[in-house]
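We call the chains A, B, C and D, going by the order they appear; numbering starts again at 1 in every chain.
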Amino acid sequence: MKFLYRKMVLFLLLAVSILLITSNGWAQSKVVKIGFIGPLTGPNAAQGVGARNAFDLAIREANASGKYPYKVEMVALDDASDPATGVAAALKLVSDPAVVAASGHWNSPVALATIHIFHTYKIPFIVWGAIHPDITGFYKYPGVNRVAPTLIQENGPLCDWVIGELGYKNFSIISDTSSYGEMNLKAFRPMAEGKGAKILSVDSVTVGTTDFRPILTKVKGLNPDAVYFGGVVMKGALIRDQMEKVGLKKLFFAISGIKDDKFLEVAGPSGEGVVTIKPGKPIDKLEGGTKFLKAYEGAGYREPFGAYGPNAYDSAGIILETISKTGPEDKGAMAKYIRGIKYKGLMGETSFDATGQTTNLMVSRFVGQGGKWITWEESDYAKGARKLPQ
Amino acid sequence: MLPRTIGRAVILLAVEAFFFILFAAFMKTYETGKVIAFLLFFIGLGVMFKEWEKARLALTGLFKEMKILAGAGFVAMLLTLPFIFQSSPYLIHICVMAGLFAILALGLNFQLGSTNVVNFATAASYGIGAYASALLAVHFHISFWLGLLVGGSLASLFGLLLGIPCMKTKDYYLSLVTIAFGLIIYILLNNFSWTGGPNGIPNIPPPSLFGHSFKEPLSLFGYQLPFQSNYYYLIFLLVGGSLVVAHRLHHSRVGLTWNAIREDEIAARCHGIDVTWYKILAFCIDAFFGGVAGTVYSHYIGFISPENFAFIVSVVVVTMVILGGMDNVFGVIIGAILLTILPEKFRAFEDFRVLIYGLIVVTMLMFRPQGLFPQKMRIYKKES
Amino acid sequence: MIMARLLETEKLTIHFGGLAAVNEVDFTIDQGETVGLIGPNGSGKTTFFNLLTGIYKPTGGEIRYCGKDLVGLPTFKIAKQGVARTFQNNRLFLNLSVLDNVLIGMHPQQDSNWFDAIFRRSYVEREIEQGVEKGLELLSQFSEGLLTNCYQRAGDLPQADRRKVEICRALASNPKLLLLDEPSAGMSPAETEELMEDIRKVRQKVGEIGIIIIEHDMAVIRKVADRVIVLNYGRKIAEGTFHEISDNELVLEAYLGREEKDAQA
Amino acid sequence: MAEIFQQLINALLLGCTYTLIAIGFNLFFGALNVVHFSHGDVCILGAFMTLILYGLAKLLGLVTFLPGFVFVPLLILTAMILTGLIGTFFERVVIRPFRYAPLLMVLVATVALGMVVRETVRLSFPHGSNPQIFPRILPQTSFQLGGVLIRLDSLIIFGTTIFLISMMFLFIKRTRIGAAIRAVSQDTEAAAMMGINIDRTVAVTFLIGSALGAIAGILIGAYNNIIRFDMGLMGGVKGFSAAVVGGLGNVYGAIIGGLILGFVETFAAAFIPGGTPYTDVFAFLVVIFFLIFKPSGILGEKVYEKV
């Protein structure tokens, strides 16, 4: 009896699965797919998910506008900040004949691993977040463009500001051993020294370190004017906080990697007077910025769009404009169109140089004040009501 | 007699073809629901195979009788895979990755399965092979084929280095050493400037053979196959080679000796076995396999960075060995293939991947420590 | 007939912390001789074996085997020189087959390495073939049952068979000196009887082999041992033939204590 | 000179956390001859438990209702007990089934368990991959002492560690159950024959070890202001390393081992030029050195294999 029962269950199982396998899925209408890759899981998920939402928003708006004779769909894939996973994701995109273009990556190592695939399969690709100079500057692939400025493009204005205008001269550098930190160190050091600054010490900290007191205590002994940090939000906030704790009351500055509300949240009161820059204008000062904010809110995403949301939004916009002009079939024409585009988007006018790098280099200056990032020009510090640490 | 044999051969090939088509169809399935249906179907088949004794005996008898034909048919079908997946380089990529991990898992099996040495430094040897051959290729234009040997040998050398503390340590201590070693290699790769630090090494040239670059699509019998097919056939050969090596080692004095160490180290020593040397040997061979896999990976992707060789890779390979069946060469390969394909099929659940690996290991160890395919006793044929 | 001296210890001592588990023991065994090693529990018999096989390093004294010094040599090298042993609570390779267990015993005489295993297949196959042949022959000497079940998992065997396999495994290396640690433990009288028969068979077959046997069963000792050595608290307290020993007062004293304990249990 | 003192304080505090984790490893090893590779993750779980409890308390208004010196100890104590229970649960479910199995099994199983714990934490917190902000539960004031900056929270951390470790020693030395723990760690079989309930003793050991580990996690959180789901991996490896350096199974050894590791790391970062990225490498090299030349650790006894 038991045996019969088991056999029946088995038979049922087989029958159901055969039925499911052979069933033809859902009816499909003509769709054009645009790929998105980013760190949707893992340590950088906040950046990736925010960017994906913004990307999705652009596509939703395009579908709602009714300008396209087909449905545009986003295929969002995860690279988990891992090159191997990223490569698989990229291959998955190029294997899908409906995917006509893609945008991706926050992590430079992942982008460096995948752009070859998009190049080989001639899928137009726009990098929305990764900032390694080589992605465009070295490979110069005709189909690969980037809407984010490289590190070098960010460090220049920062040096001008902190050394030239604010007059700090003696620096200690702390960077993390991520690709981002490493590249920052390489870009900042010669730039600062070229402007007459002195580098007193350079320390790299491994990813995952949380206790920086030994390094900061050492730095304190060297008595620099300011600490330059090459890295991103969390570690920056921890270092800033622990600077206070070891009594190192000096200026702390970094490029856009730390320009996130989370930084001020973690750093707490020590976030006061931290100086940074960010490409583009602040969102609420942009043309269409308020519209974007409202639309984003209206779309009901759970997560904030983060620092790179506008980049992703504009990448989607560029791709959408391209397929409306060239059609989704001819990839070569698409790539050519993107390279020559003058796109008026959220971040201002974006166009690309011969290597595919954005020429939109406007940066804004920010300072931490009262738990918020305030543009330098509007801050109490510029007005003289508060003083940066000397 | 002859017609009967032909009939049986046809049945055998038909059975193989059925499973092969099933596999190909499974690979081409993307919707999560269908993937699950497929899996249910496979499980159902497995259970049926176990319950329905008559069919099982008939089938196993058939395969035993025509071993060579079965093997040849299997190989021939695998060789046609790139043609079936011609339009989808992604699927071929998955197969290549499955092959790479199969090599890693086969290597680790010498330690984890045969010798009972828990090595959490697979990622280190994988990375050393990858970095060694990549650096040689980028800076000195050493060809991939030489790099394959150098990468493997250098990884082996590091295996030896890792084996030295193992002379003094065992069990927990040894595992601690391997974990520490893996982390050290990761940190060093991340910090040395000549390894490119966290930026890794870009532009690793693809291998070429008789003037045919592996970056170019492969033309076979008038078909244009995506460039991944080059690597598919390469990895097919390498996995085949590794399998032969693993099988031969298992069925030799060396494999038997490793098993003796696994079962009882003291008794092994009392029977004249130089435990330290055999453990180091296992380390070296494992590292060689890892180095070879690393070399292929670096030239295949063209870019490597330390992230590829983090601790989690080691744990994943351990999971493969445990799931497949410790000390069972074929089981280990199946474990590797399963754990490479399934995460790709369930990309929607990517976030849960590591958690699921962990759960697989814990539950397997608790309820089926011998793995999906337990090792069988060695049977020696005796002419009598 | 004068047989050559096989093994000799002089003032062999080991301390665990403050305790001398084996204390200045002088011991000799000649080729072809069977020596019984007896003494109450904890008197250092197994520790003595562990010293001979190099598992423990002695804190003092000497071990000479065929004229060579064994102290400080690693266990596997000692084993390679022809010292084989069995264990008190038998240490078979439980997840391997009976035949594999015996094959591992032949490890010291075989010489194929990893290179041969991969590239010189015919050599390895011949080696295995010879090993299997010899192993089966050994097993058949002990019992037909083991021969037919030679592919059975060793862990599935009953206790008595495990002992036999362990002795087979030890003999597979063609030892010159065989150390048997309580071979009859856990056996019924009938099985013990059978075992003694087996040991005698081994003696007849390989004449010049020396055997040291630890036993609690005096019947076994009386039947197989040419000479008996008694240990108590790590010291040798008596030596002689079984009859000499059984009259020795020190020995009786040592054993009476034990008998009292037995009575309580 | 002041800098060296400042670095000494840094090293001491780092050493404290390692010690607290290492004590767990030693207790478990003593009781079961087992290395609980996921212990580091259990420790960090303690910190996350505090985070959750703090959130709950905030919801209930307890944070403002109770004065800080009552609320914070209460919070930590609850988190300790809960983490201790979780540790005991892990012992019951994952470690006990392998008591008579080969070492390899429990080793791999606990490594995998660590992975499960980490991932569960990551998945159950919003943005779990990112570091979570740990509430500032300790006073943030500081004072100068001869050029050395001393913070009140560091003092509290140091004091708590010393207090807890001495309490644990008292417990093991003076109580009945402590005697049972010592007996079991000496010889499990003999202890069982003397009528000691092995299962219960082991459970208590895991309770104590995990609770102390929770303190380590909380201290890490309070010290750094953040906690991250994967801190347990490194924390566990370092804690185990500290236990090995001090002598596995010897509870006093944990203190020495923890301090050695803390000092090596701090001073490598502070005084070796360009050494900052390599602090972990130095720490591991010390461990490997000990494993090769003194495998039993500083206070461990040489173990004779039972044959």
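The criterion applied here is as follows: a contact is a pair of C-beta atoms (placed from the backbone, for glycine too) under 8 Å apart; a residue touches a chain by one contact, two chains touch by 3 or more.
This structure is a prediction, so every number in the text was calculated from the model and none was measured.
Visitor: Just by CA atoms, which chain is the most central one?
Guide: Minimum centroid-to-centroid distance belongs to B.
Visitor: If we define chain centres by averaging CA atoms, which chain lands farthest from chain D? Would you check?
Guide: C
Visitor: For chain A and chain B, let me know how many angstrom lie between their CA-based centres, rounded off.
Guide: 35
Visitor: Taking the mean of the CA coordinates per chain, how far is chain B from chain C in Å?
Guide: Centre separation, chain B to chain C: 42 Å.
Visitor: Mind checking the centre-to-centre distance between chain A and chain C? Centres are C-alpha means, answer in whole Å.
Guide: The separation of the two C-alpha centroids amounts to 71 Å.
Visitor: Using mean CA coordinates as chain centres, what's the gap between chain C and chain D in Å?
Guide: Taking the average C-alpha coordinate of chain C and of chain D, the gap between them is 47 Å.
Visitor: Two or more other chains touching the same residue: where does that happen in chain C?
Guide: Within chain C, residues 55, 87 contact more than one other chain.
Visitor: Can you list every residue of chain B that touches 2 or more other chains, as numbers and ranges?
Guide: Counting only residues that touch two or more other chains, chain B contributes 187, 190-191, 266, 351.
Visitor: Pull out every residue in chain A that's touching 2 or more other chains.
Guide: 41, 177, 204, 206
Visitor: Help me check something: in the complex, which residues belonging to chain A touch chain B?
Guide: 3, 6-7, 10, 13-14, 16-18, 20-21, 25, 40-41, 77-78, 80-85, 87-89, 91-92, 94-95, 97, 108-109, 112-113, 116, 120-121, 132, 134, 138, 177-179, 181-183, 204, 206-207
Visitor: Tell me, which parts of chain D touch chain B in their complex?
Guide: So the residues of chain D in touch with chain B come to 35, 37, 94, 97-98, 101-105, 107-109, 111-116, 118-120, 123, 233, 237, 240-241, 244, 248, 277-278, 280-281, 284-285, 287-288, 291-292, 295, 305, 307.
Visitor: Can you check the complex and tell me which residues of chain D touch chain A?
Guide: Within the complex, chain D contacts chain A at residues 3, 6-7, 10-11, 14, 127, 129-131, 133, 136, 142, 149, 151, 220, 223-226, 228, 230-231, 234, 265-267, 269-271, 276-277, 279-280.
Visitor: If you look only at chain B, which of its residues touch chain A in the complex?
Guide: Per the stated touch rule, the residues are 25, 29, 31, 33-34, 36-38, 40-41, 43-45, 47-48, 51, 87-91, 93-94, 97, 187, 190-191, 197-200, 202, 215, 227-228, 301-305, 307-308, 344, 347, 350-351.
Visitor: What residues on chain B touch chain D, complex-wise?
Guide: 112, 116, 118, 120, 164-165, 168-169, 171-173, 175-177, 179-181, 183-184, 187-188, 190-191, 266, 311, 315, 318-319, 322, 351-352, 354-355, 357-362, 365-366, 369
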